[in-house]
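Which chain is which? They are A, B, C, D, E and F, in the order written, and residues in each are numbered from 1.
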Amino acid sequence: MAGDNAASGDRLSTGIEGLDTILFGGIPLGNQVVVGGGPGAGKTLLCFEIIYQNAKMGIPCAFIALEEQEKVVLNNFKRAFPAFSDVDELVSSNKIVLAGEEVAAKIQVGSDSESYSFGNVLSSMENVIRSNGAKCVVIDSLSLIKLMFGKSTVYRRYMLALSSNLRRLGVTSLLTVELPRTNRGDMVFSPEFFIFDGTIVMYQNLEEDKRAFNLEVVKMRGSNHSLSFAPYEITNKGFKVFSISEA
Amino acid sequence: MAGDNAASGDRLSTGIEGLDTILFGGIPLGNQVVVGGGPGAGKTLLCFEIIYQNAKMGIPCAFIALEEQEKVVLNNFKRAFPAFSDVDELVSSNKIVLAGEEVAAKIQVGSDSESYSFGNVLSSMENVIRSNGAKCVVIDSLSLIKLMFGKSTVYRRYMLALSSNLRRLGVTSLLTVELPRTNRGDMVFSPEFFIFDGTIVMYQNLEEDKRAFNLEVVKMRGSNHSLSFAPYEITNKGFKVFSISEA
Amino acid sequence: MAGDNAASGDRLSTGIEGLDTILFGGIPLGNQVVVGGGPGAGKTLLCFEIIYQNAKMGIPCAFIALEEQEKVVLNNFKRAFPAFSDVDELVSSNKIVLAGEEVAAKIQVGSDSESYSFGNVLSSMENVIRSNGAKCVVIDSLSLIKLMFGKSTVYRRYMLALSSNLRRLGVTSLLTVELPRTNRGDMVFSPEFFIFDGTIVMYQNLEEDKRAFNLEVVKMRGSNHSLSFAPYEITNKGFKVFSISEA
Amino acid sequence: MAGDNAASGDRLSTGIEGLDTILFGGIPLGNQVVVGGGPGAGKTLLCFEIIYQNAKMGIPCAFIALEEQEKVVLNNFKRAFPAFSDVDELVSSNKIVLAGEEVAAKIQVGSDSESYSFGNVLSSMENVIRSNGAKCVVIDSLSLIKLMFGKSTVYRRYMLALSSNLRRLGVTSLLTVELPRTNRGDMVFSPEFFIFDGTIVMYQNLEEDKRAFNLEVVKMRGSNHSLSFAPYEITNKGFKVFSISEA
Amino acid sequence: MAGDNAASGDRLSTGIEGLDTILFGGIPLGNQVVVGGGPGAGKTLLCFEIIYQNAKMGIPCAFIALEEQEKVVLNNFKRAFPAFSDVDELVSSNKIVLAGEEVAAKIQVGSDSESYSFGNVLSSMENVIRSNGAKCVVIDSLSLIKLMFGKSTVYRRYMLALSSNLRRLGVTSLLTVELPRTNRGDMVFSPEFFIFDGTIVMYQNLEEDKRAFNLEVVKMRGSNHSLSFAPYEITNKGFKVFSISEA
Amino acid sequence: MAGDNAASGDRLSTGIEGLDTILFGGIPLGNQVVVGGGPGAGKTLLCFEIIYQNAKMGIPCAFIALEEQEKVVLNNFKRAFPAFSDVDELVSSNKIVLAGEEVAAKIQVGSDSESYSFGNVLSSMENVIRSNGAKCVVIDSLSLIKLMFGKSTVYRRYMLALSSNLRRLGVTSLLTVELPRTNRGDMVFSPEFFIFDGTIVMYQNLEEDKRAFNLEVVKMRGSNHSLSFAPYEITNKGFKVFSISEA
């Protein structure tokens, strides 16, 4: 396996040590990364912590919550990670923009006919991102969009449009996807895993008497990455990703 | 794994010792928890016992039975748990409101066309909850709603509306879901497991010559929880959940 | 596991010793029990023997055969169990009402459009039950109704109506369901297993060089029951269910 | 397992020694038996040999070939079993009526719309059976009818009508069904296995370096039967079924 | 297992020694044999070599290529088997007729509506066969026809018509079918495997570090055949089928 | 296994040593090869490296990117393989034509009705190929086309048209296909694997604690090839395919 092949200036550190290690330094700037996992895997928390860690380093960020009120998302984050209570300052100082209701409203208002203009959703997202000049964006979750627009051909077209829009805006992005099964061996890759630049999957493998959390970087365009499964824990102080060192 | 990160005043005790243990103290107040299981797993009984135990501690509760006459639900509970015969007093003193027929009627009356107003169902539920100022609510079961409204996009939208409504009312809630398969390895997570705050699954694993009951907290927003599978029994005196102590 | 928690006066003995044992005394009166199994498992014979044994004890019973002429059902029973030849007297003395043709005719006459009135089927069943004041009723099989009415939402609604009707009539009932697979591990639970009060599954597990019959009480509202699989045989003198004694 | 419980005068011998043994004497007279198997299992040959053996004993028989010209079926039989060359005499003396073309024509002529009258098919079959007063009838195969009539509710209704018709005619019948998979563990039972009186399945289990033929009597109304799998071979002199003796 | 029961004059030798061995001498004259396999199994090459070997023995043959230009098929054959370069003479002397474009054109020209006349396809095939009085015919592949005509009831009807047509012409035929999976255990048999007289499946079993080729004669009307799996190789000099000798 | 049976002048070297070895020299000129794999397998990079290596040897090539802007594809390639930075010269000297936007535009512009003219897509591709007289062409990916045109019968017809067009142009081509599962045992072969001349699959097998990359040549018309699975790595200096030498 090759070493780091993007200069560190070309990457967005996730702020999570073990995760940066298996990413060989971070996410290549501008990449669009799908984060998939089952319920309880911590998809939303992981993405929020990356936002939080980057905002603390001074990078403007945005979190677009399509299914949840923004203050609920913030509250869940604070309850899960008491050590990150300074997140409120980051929000009030606009380093983190929390949004989504106005985007979700665009979806809710429309009928579920095929002719609904996905363009409104995209421009609504763009407004959020431009509001603080965010460099790193989370969209939580793509599964909502998938369900709202029935036909798979339509969904794929919208994903291509979303990808193209995010690239034009120049942001690095994390897009969550809900997985119906949580075991490594049962993974089925739908179109979004091919369209976007990167794929991180959070597995919950069934062991003798409990679930075990494992994270895998399946794909990361423009960079090499670890091919191993990395165990992780969700602690009061955020994510701990255990990477086995590789040459 | 982190310790308890919600103050105990922020939680609803389930009144079931072992279950509180694996929940690291109880369900965070205001959380909406999906309880999934196959036939015979005891979903309805578990939710009713939580209602019963809380009502005994003076907390007003509501049980919305969509598929069963209210008096039948009460009767089944008393027959299953003779030790809890004082449940009648809790019902007559309005600490527990048992309802559902008027909600189910709203569904039965409507045609099964897509345009049926789910709003009637929601306001009907709200009336029940307001009738005794319930703080803890059971809805048994979501699967009925799923089957009544054919399209999955519609079902998800209704679940988002239900979630938003329950949050506005400020109640802690338990929502049962029927699972077609009972084994851990066969679990498939549908949208409700992502939309709501928590997921508890009751498995019946096939062993050599019988079924074995196991319970798992898959997800609980705003709190850590045990990652282990906890065996349980249904006794004359209610549920016994066996938790392995964790640091 | 708790002991018997319904007084014996509250139960219907199945008249089959081993089955009563694993039911901890019998079926709680008024319960509606789904009996599922593959071809050759003996669903119809088991239900008929329960009818026969109860009729001999003086309890009026009814057998509603939706797919088979009544005299054919009777004949199959007599050929399978020569020791029960006195069944003819029970039929002629009206202790057992054998019916179904007029119910099935109601289904056959109707078109297979969604608007067909399931009400005719229900009132036709009610006439049969009232004809001898039956306390225990078999409906063989629900699968016919499932196939006749295409949409699963419609089927579930009809099952809820059937359940509500049987409860109003106050009868204890057994409802057979055809299972496409016969192995324990392949079991998938459809809505009827959740709607009705009890579930008994008759498995045919593949062993080295033959099938082995096993019976399981998966669910029984208002009562505890054995969690073990009970081997059974179909002999000239009726069913033999082998229960392992439990405390 | 109980012994033979139908008097031998009440049974149709299959004329195949081992098969009669596991059937505890033969097929109860008037029973309708589904014979399922994958390609190459020998369904058609087995049914034809039963016809042949019975015709030799003087019993008039009929073979209704829906997919194949009658002379082709006869030719295949003679080529597979050179020892049974006297089958020609049985055909010319009308002990065996070979038919099907006029029945199949009834199907081909009709459009594939749902309203096609299945009644024509039934009366056409009846004419064949009445032509030589056949007591034993083969219909090869039900799968053709299944495919011709799309909807499963329609197919089941036609199968009920076919069953009722055969019963009225008083014949013992064998009805072949094509199985898409040939292994014991993969068996899925469709409606015909529940509607008709008996089920014999011919498996081809995959072993290390070849297929092994096994036959199982899954169901036989009005009689007990062996529960074991019986290996079989197709030889120049007909079927050899190896039964393990049972008490 | 019985010995050869068709006189050798009644069979078409495949010209491939090991294959003739497991066919107990060859394919019974006039049989229609389905040859199924995954990509790379060599279905087309095997059928073409049988044509080639027979043409060399003076038997006129036809190869109807529905998906490929005729000269491409010929070229692929010559590139795969340099040792068979004399195939050109067989083609130019009309011992082998290579066709298909005019048949495929008939399909392409028609719309994909259900009313498209499959009769044109059949008469087009007949013209090819009559052009050199072919005794052995390959149709490559049935899967194209299956996909072109959507409904499975229609496909089956066309297959019955094709079978009947080939029988009327008196030819021995090989019909290729594409299999989506290549492992023995995953085999699912669709209608064509039941309609036609014979079935040969070419498996590619996954072994430790490569695929292994195995061939099986699943069915062959009018003849016994080996029940073993026969390993095979594709060499410069054609197919090598390794048969284990049987008594 | 036979040796190389196409003269080396008849082959396109892939420029990747190990891959040429298992291809027994390279891809037969004019062949159309499907390259399938899951996300992160490196399908696009492998195809681009083959283009790059051939362009360096002076052979004009084209890369048609249907889902990605051309400059993004180029950028990803340079970031993945810093050692191949001279790719820019090959592009500016027109040895490599990077295109796709105008082709994709043809798809996007059209409605998703069945009547959309796929011919525009084909002629658009032809224009790209003719622009530099490309001898080797990559189309990335067929899955986009599959999703854009709903019905499988239509997709297959378009694939036949694409194949015929590429053959007329005389180019050697690589066509990527997205696979939803990445394990060898889960492979399901859809029509494109049968229509085109060659199939290379890039697997990611799950091992104890990581994914392992393996490549297999499943099919290659007009040539023999290795039947083994070849491990591979993606390094800074391109692909390394590890072939086990065969006689």
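FYI, a residue touches a chain if its C-beta (ideal position, glycine included) is under 8 Å from a C-beta of that chain, and two chains touch if they have at least 3 such contacts.
If you're wondering where the values come from, they're calculated on a predicted model, not measured in any experiment.
J.: Check every other chain and keep only those touching both subunit A and subunit C; list them.
T.: B
J.: If I list every residue number at the interface of subunit A and subunit B, are over half of them used by both copies, so same, or under half, so different?
T.: Different, since under half the interface numbering is common to both chains.
J.: To bring subunit A onto subunit E by a C-alpha fit, how many degrees must it turn, rounded to the nearest 5?
T.: 120
J.: With centres defined as the mean C-alpha position, give me the subunit B-subunit E separation in Å.
T.: Centre-to-centre distance between subunit B and subunit E: 60 Å.
J.: Once you find the CA centre of subunit B and the CA centre of subunit D, what distance in Å lies between them?
T.: So the centroids are 52 Å from each other.
J.: Measuring from the mean C-alpha position of subunit B to the mean C-alpha position of subunit C, what distance in angstrom results?
T.: Each chain reduced to its C-alpha mean, subunit B and subunit C end up 30 Å apart.
J.: Counting only residues that touch at least 2 other chains, which ones in subunit F make the list?
T.: none
J.: Using the contact definition from the top, classify how the chains connect: line, ring, star, complete or other.
T.: ring
J.: Mind pulling up the subunit B residues that touch subunit C in the complex?
T.: Against subunit C, subunit B makes touches at 38-40, 67, 69, 72, 75-76, 79-80, 82, 108, 112, 141, 143-144, 147-148, 150, 178-183, 206, 209-213, 233-236.
J.: State the interface residues of subunit E toward subunit D in the complex, per the touch definition above.
T.: My answer: residues 1-3, 5-6, 28, 151-154, 156-157, 160, 164, 167, 184-185, 187-191, 193-195, 197, 199, 216, 218-224, 226-229, 244.
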